[in-house]
Each structure stands twice: as structure tokens, then as C-alpha cells.
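Two complexes are shown next, each including chain A; its partner changes from chain B in the first to chain C in the second.
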Partner chain A sequence: MAASAPAAHPKTASRLRELVSNQTFVLFLVWIAMVVFFTAANHIFFSSDVAGNILADWGPLMLVATAETFVIISGGIDLSVGAITGLSGVVAAFAMQDMTTAGQGATLTLIVGLLVCIGVGLLVGLINSLLINYARLVPFIATLVTLGAGEGLSIVFTGGAPIGGGPPQAISLSVPWLGPFSTPVLVVVAITIVCWLYLHKAKFGRYTYAFGSNSFATRAAGISTKKQITKIYMLSGLLSGLAGMFFYLRLGSGAPTTGAGLELDAIAAVVIGGAALSGGVGRLSGTIMGALILTTVTSGLIIIGVAPNWKQVVVAVLIALAVSIQALRRGEGKAS
Partner chain B sequence: MTDALYEVRNISKNYGAVTALDNVSMKVRAGEIVGLVGDNGAGKSTLVKCLSGVHQPSSGEILLDGQERHWRSPHDAIQAGIETLYQESGLAPQLSVGANVFLGREEMKPGILGKLGFLAQKSMDARAHADLERVGIAVPSSNRSIAQLSGGQRQAVAIGRAVAWASKIIILDEPTNHLGARQAGEVLHVMRAARDQGLGVIFISHTLPHVLEVTDRIVVLRLGRVVKDAPTSTFDQESLLGTITGLIAD
Partner chain C sequence: MYNLTSRRAAGALAVAGAATLLLAACSSSSGSSSSSSAASPAGSAAASSAAAPSAGASGSPAAAGASCPSGTTIAFVMGAEADPFFKAMKVGADAEAQAKGVTLVWQGDPSVYSPATQIPIVDKVLATKPSGLVLIPTDPSALQPANDQAVAAGIPVVNVDTHVNDQSKVTSWITGDNNDGGAKAADALATAIGYQSGKSYQVVVGLTSPTATTNTARLAGFKAQLAAKYPGIKIMDVAYSQSQPSVANTNVSNWLTKYPNLNGIFAIDGTNATGAAAALQAKGLTGKVALVGYDAYPQNVALIKSGVFTALIAQDPAQEAKLAIDDLTQVICGKSTAGIQKAVTIPNVVLDKTTSAADLQKYTYVQ
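Right, the complex of A and B next:
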């Protein structure tokens, strides 16, 4: 039996070393450096307005990136999150348009819109899990199928145009009132905290890590892996549906293109945050920083007048950096 | 016949065109260690997976305490008191020692937090540590991840988990693989202790001296069939090897 650290000294030293090799902390430093850099390049960057914009971008990205965090830790991938975001926003927009035309009140209409988004998300998530559990498709293919179907349906339903005509109060809900925070952003913060608790402190998260770490061992331990997969992909759908509502509140309409490519940003945020696509590794705190860095870069480059396409280059470099940190840590034999 | 604690009768199992098990019958009594030996591909691991609920046999019966049982999943067999150490790793490397020992039977926080799904991690870590020590296995602190342990320590955790939870049957598929002589000796000791507590133990190994040393009875599988089932005292190393390879007639 190895004795635990004998004195306070080595403990502090190892704490320090842990902090430096802690992905979230490193990302936090990177983010601070970015804020300093963009502010130095253009002082306008350091304002409540810009912060509000960054947070408004961060909100929906964080929702789908949280979804992707659970999925990737379980060893899977969900390519359909962006398509779900678009489809749920479109379907909800039709419902809210109808209700508004029929003279229903704004509150009731928005609640119905929210429920429709949640419903569409859960339904597509369920379809993903059925394709994985029973049609035996690997997650990549299963969610590629629903990505295609979801995007296609959004365009078929709308003819490609945004669907407005909902309650005019929708957009005013997206105005920041607590510093740079709007109500939808605050809701995302609350959802993120709850998801953090369930990922890191609850049985649901434990089984998510276990399945991604060793699916045979998880099943052999008597855990229903089919049930766990169903729960994970339905959660992913649910959060993506909420992102659809977030965009609706921001734009005042639901458009088929809203979630296009969002899955790639979400996966980038998760990977930058330190999760491994092979499963079993990752922290939601890393994803939070990953999403914040991505949205900060987007706004920052625009404000300092750099062509937005540079964003892709910066993101690529960040992904390469994050993955090398991970590889280094794996070399030390350090698990999450 | 009637004194068998766990028994299979005439079970067969095919993987597509491959017949891995062909009309296999065997049993284990309470307080007995049965050795299961055979060449690579003889069907030992397949039999283990039928006994533990990972696979459902294509035909045949499984009886526990004389009652026919059907395991739909490992969950059912675990609930019935059957613990298994698989040849392939049964541990989740990214999870901690404590999380692995409690995988599938997590202890929840008391009250409303537990109802909401939150884990009593501190308590599980402490109990995992105590359980492994009680079994006689020394492992580092419960909150280290399996990936940080040596091969021998990992095997120790897997065996400790099986022994700690088993209430009737414990099945160990090549538990001494990757272990040094001293650690292998500890595993044999752990098996004897389990037998002395009245558990039925099924021990699969290629290391014939271990099998001859610790078992009460030996079942020999060859190409999916039982070719011999006899008390250990009737074998010596040479005759056992001959039976496994088929050089000695059945």
C-alpha cells in the first residue's frame, strides 16, 4: 500500500503541476491572451456590447457542444446537432406563426414554440439511438443520415426562406439586461451547470464515461448499454432543439440554414476542450472554454478587420494544439 | 447431480458457421474449485460468456441451485450472485479504481440528491478500498484511474471486484495472465479463500501447475466438447496435457 503524500510541500508542487497540465486552465490562459490581444488591436473589443455579441454566439454553440461532449465521451459522435437546431427552429417557427395569426398571446405561443423545439430534438435523438441500437449503424453513419434528412426536411418545409410571423416580443427576450447577459444566455449558463453536475457527479455521467472507456466492460457490469445510448442521443437532440429556440429568439425567425455547420464548431469546441474522439476522456469545463474561445475568435477577427476566413485557420491551429496537449498528457499516463 | 450449485446441461453455441460449444455439460458445487482447461479456441471463453449472461446459448439449459435460469444479459447473472472476470479487460481504464469496483451498482447520495441520480463517491471510494483489502489485495488509493496502474494491479482490482461482490459463483477466465509468480500465488490464495467461504469457483488457465495445485476437479474442453471431467487427483501434469492436446485418448 503506497502511503499518500507525506508532507504539504510535494503536495503543493504536484497541485501546481496538475494545474499547468489542466486543459481547462491552459485554455483559460489562452482565452485571456486573446482578449488582451484583440483589445490591444482595437479597444472597442473590450466592451459590454461585444461581450454581449460573443455570449449570444456562445449560447447556442454551448448547447450543442454540451450535447457533443456527452456523445464524444461515450465514444460516439453526433453529426446531426446542427440539422436538429435548424429543423426544430423551422418547425417551431411554423407553429408560432400559426398561433400568432390565430391571435394567441405571445407567452403561450413562445412556450409552445419551446416545447416544439424540445419535441423535435427528442424525436431526432430517439431516431439516432434506434439507428445505432437496432439498425446497428455506427454513430457517425446514423447521425449522418439524420443530418441529411433533417437539413433536407428544413428546406422542403420552408422552400429555403426564413419563417417569421411569430410574436414580435421574441427578439426583445434576447436583449442583454444583466451586463452582457440576456435571458436565453442565462438559461444556457444554468443548463450548462446542470449538465456539468450530471456528467461529473451523477450515475448518468458515470455510465457515459464507462461506455466510452470500455463498452464491453460496461455491459459485462450489468449496465444496459442500449438504454444509455438512447439517453445520450436524446439528450443531444434535446439540447440541439433548445439551440433552435435560442436562434429563433435571436433572429425572430426560423431558417433552414440556421444550424448549418454548427456540428463542426461543436466538435471543435469539444476537442479543443480536451475530449478524445476515442471516448472515455473529456470535461465539460474544457468544452465551455473551447466554445468561448471559438466565439471570441470569431468576433475578435471581425472587429480587428481580419477576413473572417482566417477564423478557420485559427481554429485549426487550436485543435492541433489541444490534441498535442492531450497526447503529451497521455504520455504521462494521466487519465481524465 | 442434485448437489450442483451451478450447472449447464447440453449447451451449444454457434458463431455463424463456427460451433464454439457442442453439447457441453458441466457443474460446480458450493465450496469447490473446478478447473476449465483446453487449447486455444477450445471454447472456454465462450462457455464463460454463456455462464455469465454475455451470450445466450443456442440450445441447452442453465441451472442455478437446481432451478432453470435464462440470462437475458449479464445484469441477470450478476443479480443472481454470479461474478465473472473476463479474459479481455472488464475494467474501464479511464475510470477510477472505486468507480470500477462499483460499476453497475453505484451507491447513491442519501435523500433527494440520490433520487436525482447523484453518486456517493467518497463513500464508494472508502468501501472499495476496504473491499479490496478484505480480499487481500493491496491497491493504491481508490481515486486513481485504472490507466495509471500496472498490469498486475489492474488484474488485482478486477479479481478483487469479482470476489467482493460474488455471493454464489465466481468465474475467472485466465486471471493469472500477465502476472508475476508472487502475484499469481496471491490469486490462487484468493480463490481458495472464496472456496472456503462456500462459493463455487470456476478457474480457467493455461498454467497447468496452477490448475493442478488449486482445483478440486478438472473439466477438459477440446474443439467445443467436454472430453474429460474428473477429480484433480486423477491427473498429473503429463496426463492433463495429453488430454488437452488429444494425444491421450478420451
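Right, the complex of A and C next:
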């Protein structure tokens, strides 16, 4: 795409058009414009402290948006990511509460909490893939089922209240120490890099794209679609479970309402990032910018004192803009 | 109060709800038998006279201890079963039903606080012809017809917490005083920041939604008290958490950056309290920025001791339920409305470091 600038015909106009049609680059410009705008409105926005606030929101969103990127590129959708985030956080909170009450050390307790989150995530992901592969539900319905069940169970387990009583060190882990980066955020950055390699450089990623472009041809080529679906939805569950642990560390408790609506933010980040819901198209770099823009808007509007409900309006405009850029690009491709 | 309504609540209901509703219905009907004890311990001497419903002398001021004929059933339709506020209310209702010797049927949507889910539940409950109905209307106008239908069928109705618009047919309305709670929050916050007249102070308020009536009443009480007693305290910002602690956390984290000289935070419900407490701890501002929260969730009560919360304002849902059952049993079994107040407001209580352990325990919402 835009990365390869044709040296033979250095026509500024065409190169410019190519650059403008690169989703990630456009998003980067949009993001810069936002930072400039918010800073102009309130200079305090341009600070490490605000960057830390934004990254604290970006971390969990990036995890579920990465999950959603894989799923959407494969031509599916995962509506259960937010429910998994909430459920895993709650189940882990109970486990960590029990261990802390029993006098276990903080480190061991947090590791167990992390493993519980991963376990819950993988389990729900597995259920999703079983529903799709064997109960023959389309991904939308299969994950709607687990969304409902997951959210319901979170409330049933907790009785509606946040579950605390875990190691008191949890919140201090979420304090930024490397500029605006906290340890959980750095872990998310590392996971994002690994996922990028996995999606764009590995066989798994190529299969995912192939499957999303043409599942029939993929099957005909001898790739096991059932296995691929299982892997994709379990990866999605795993990343969502990690988001549950991220929220736990941030709040020092597991709340049943955590993650409610997160799937919509994740899908928004992926769509703004340039992926097509029909599958086969999308880049993780776009999702990174999409998630960053969404969380920047959230903090920015609070800092400049605009009613937070405007965020939804801004996001709506961004989605419309992003999708129309895609459509324009596709139209151009056909014309040439 | 902790409103669990969420954007995809409908989706959640559609899928998990079908099974959960069945479960919930089963568990409440089976649970009801446990609270129906044959004899009422207090005032058992009057048992014989009350056994014949028509025998009750209508003129006499029916004693609160008037016991009820067996088979007396009080239906209690609340907002959302999962909400700790309503769970605490159920504890009070169960205890009082047992004391009065009536059967309690506890009903409500598992998690969604909405008239759309509540109206069918009221209809179903009325079809079983209970002796009385305690109704927590999730909407003042939408529940009016169901409310009046019960009264028309000869079933006395008491409203608790919220009320229907036209209360002329309602026996009584019992509620926590959210306005008063807001005023008490203002007092607690002013004390914590060492308010002196002539100086100026900055506070922020975290709400859960712009329309929840409990939120607006608390905010109104808070503002009125600031205007009356603490004119130097200025509310810099308000924002909404949509019942999510993580959203409240984002709001407060950014406020702490935006207002380096912030003096205090009023977190108007349980979710905001949780989110704000975590934000203060993460930024190392515990004790430096005063935090007054609402709702006595166990986790937040524990944070009073460590100084994260200056104070928590708690309601007394168990007491509300007790008074509601008392009023109804008097009407049903005592055949008298003498002494029943049309509207009762129970003041909110302030929990802080000086509160005794016994009181902390008493007001902490059960889980």
C-alpha cells in the first residue's frame, strides 16, 4: 500500500493520494490534530499525567480490540469480549480474596489471579468456538449467547457489588513508573507486538486473512477451518481475560459491570482502524490508532470540560469518516 | 442506589435471562415458605380475634402486634434482584414477615432496573391474588396503572424507595431521604477539608447517570447545603459513570490531573465510590483529597479504616422494608389505617472513623 512509494514516477499528487488513503497514516494525523486541539483548549492536556490516564484506558481496550481484530479479519465477530472481561475479573477477584484471607503472599495471589483470568477467558473462548463449530451458530449469535450468560453470571456471583479484599498491592502495580507507562500498560504493548507478528508475519495470520476472504477456498485448500476458528476465539477469550486482570489491578477489585459495552468500543476501534466487517481486510496498526483515538477523546473531553456524552458523538463521526475512507479507497482501486 | 441498567442489558436478558428468570422465580417462591411461620411471637394473645377477618373491630386502633391469619401473603416487587441495596432490603423484609407471620413473595427482575421488565412481573404477581403488595416502582408513570389495578382489586399497596405519581390510592410511601444524604455529604466533606468561611475550595461530583432520581436528589441536597452553609466550596465538574467503576475511575483520574488543587470528591453512588477510591490510591492522594462516598458496600466500608474514604453515606433499606411490611399487615390483618403515615422518610446515616464497629456491621449491605 502506501509504504512503497514509487520512485519511478515521483508525482507528488498521486503519492499524496496514496498516503491519504492509508488508514493508519490518516488516523495518526487525526490523533495529532486531537492532541493539538485539546492542548490548545487546556495546556494541562499535554502532560505525562494525562498520557498516563489515556494509556490506563488504552491498555484494556487495546487487549480486547486486538482480539476483535483477529476475529473480524477472519470474517466473524465476538460480542462476548466485554462480558469475558467482567466475568474473569470477578472470578479472579473471588480467588484472590480467598487467598488473601487465607494469608497467602501478594505475588502468588496475583499470579493465581492472572491464571484464573486467562483460564476463564480461554474457557469462554472455547465455548464460543464449540457453539460456532458444532452447534452451527453464526459467530454473532454464539457470542451473543456468551455475552448474556457471562454478564448474567458476573452479577449473580457478586450480587452486584465490586469484590475487593485482594492484595492491597494491586493498585500500586497500576501506577506509571516509566514516564506515563505502568507495568500493565507495558505488558499490553509487548502483547500487541507479539500479536502483530502473529497476525502479519506468521502462518496463523495468513490463514486468518484467507479464512476471512474466502472460507470456502480456504477449506478447499486443506486448511482445517474448525481448528482455525477454535484458535481465533480462544485467543480472543485469552486477551479479554487479560483485560479483566488489567481492570482488577486498576480498581483493586473485580466489578460485575466492568467491561459492559467494551465490545462496542473494541469494534469501533477495529472499524476506525480500517478493518472491514466482511472479513479479510484490516491491520493491527490501524486498531492501535483506533483505540488510542477513542481513549484520547475520553480524557480530552474531561480535561476541557465538555460533557462526556459528547464522546459518543465524536466516535460516531470518526466511524463514519473511517468507513467512508475505506469505501473511497476501494472505489479508486476499481477505477485504476 | 446502584442501577444496573446497561446498554446491552436487553441482550443479556434475552439470552441468559430466560433461564435465570425461571431460576429466580423458583428460588423466590420456594424461599417464601421459609419466612411464613405459623405463629407470630409478639401479641399472640390477639391471634384468635384476627383469625376471623371480619371480626376485627374497625374502630379500635389496631395494635401493631395484630397477628395475621395463616395464608396471608405479601408480594414484594422490587427493582433489581442483584442490587446489594435490594438484597439488604430483602433481609429486613424477610425478618419482619417472619415476625408478623406472613408469607413473603419476593419478586423482581434479576438485574435490570426498568419498567419494561417490572410491569409483567407485577401483573403475574397480582394474578396470584396476594393479600398486599409492596411496590418499588421503577418509573413513576409507567407503574401507575399496575399500582391502581392492585388497589382496585382490593389489594393494598405500599410504595418503597420510589413512588408512583398519584399516591392517593397508596397506603403509604417509605423512602430513604436522599436529599438529606446529599446535605450530610456536604457537611462531611466540609469538615474533612477544614472549611473556613472566606476561603475557596474545589470539589467534583461523580454521578452514575443524569436521570437516576436518587442521584439527582443527592446532588440537589448537596448543592443546597453548599449554598446555605459553605459558599466557598465550588463544584468544578460532574460526570457520569454508567454504573461502571472503571468509567468513574477514568473520570476521577483525569479530574485529579486537571485540578491539582482539588480539595474533595463526592462520589454519589457505590460504583463512583469504588472508582474514585482506586484513583486516589493510584495517584497517592489518599487523605490529601477528601472523598465522601455513598452506599455501604463491604469493600468500601473496609476503606473507611484506611482513610481512603472520609465518610460513606448509607441508606437503611432493611428499615424501609420493615416499615412497609408493618403498614401492610396493619391494613390487611388489623383492618385499620390508624396511625399510618402517608409518607415516611428515613434519614441516611453517616459512616466514618468514629462509627462503632457494630453500627458499621449493621449498615453494611449484605452480599
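Please note the rule applied: the second predicted complex is superposed on the first by the 315 of 336 C-alpha atoms of A that agree within 3 Å, B and C clash if a C-alpha of one lies under 4 Å from a C-alpha of the other, contacts with A are read in each partner's own complex, and residues count from 1 in each chain.
What we mean here is this: a contact is a pair of C-beta atoms (placed from the backbone, for glycine too) under 8 Å apart; a residue touches a chain by one contact, two chains touch by 3 or more.
Here the structure is a predicted model, which is why all the values come from computation and not from measurement.
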Chain B versus chain C as contact partner of A:G103, first or second or both or neither: neither
Touching partner for A:A56 - first (chain B), second (chain C), both, neither: second
Partner chain(s) touched by A:S213 [first = chain B, second = chain C, both, neither]: first
Which of chain B and chain C A:G280 touches, first, second, both or neither: first
Partner, of chain C and chain B, that touches more residues belonging to chain A: C
Partner chain(s) touched by A:I163 [first = chain B, second = chain C, both, neither]: second
List of chain C residues in touch with chain A within their complex: 2, 4, 6-8, 11-17, 20, 80, 82-84, 87, 110-111, 237, 239-240, 242-246, 249-251, 253-255, 257-258, 270-271, 274-275, 277-278, 281-284, 297-299, 302, 365-367
Touching residues (chain side chain A, partner chain C) in the complex: 42, 44, 47, 49-50, 53, 56-57, 60, 79, 83, 144-145, 147-149, 151-153, 155-156, 158-165, 171-172, 174-175, 247, 250-253, 255-258, 260-261, 264, 298-299, 302-303, 305, 308-309
Chain B-touching residues of chain A, taken from the complex the two chains share: 1-2, 4, 197-198, 201-204, 206, 209-210, 212-214, 216-224, 280-281, 333-336
Chain B residues within the chain A interface of the complex: 52, 54, 73-75, 78-79, 84, 86, 88-95, 99, 103-106, 108, 116-119, 121, 138, 140-141, 145-148
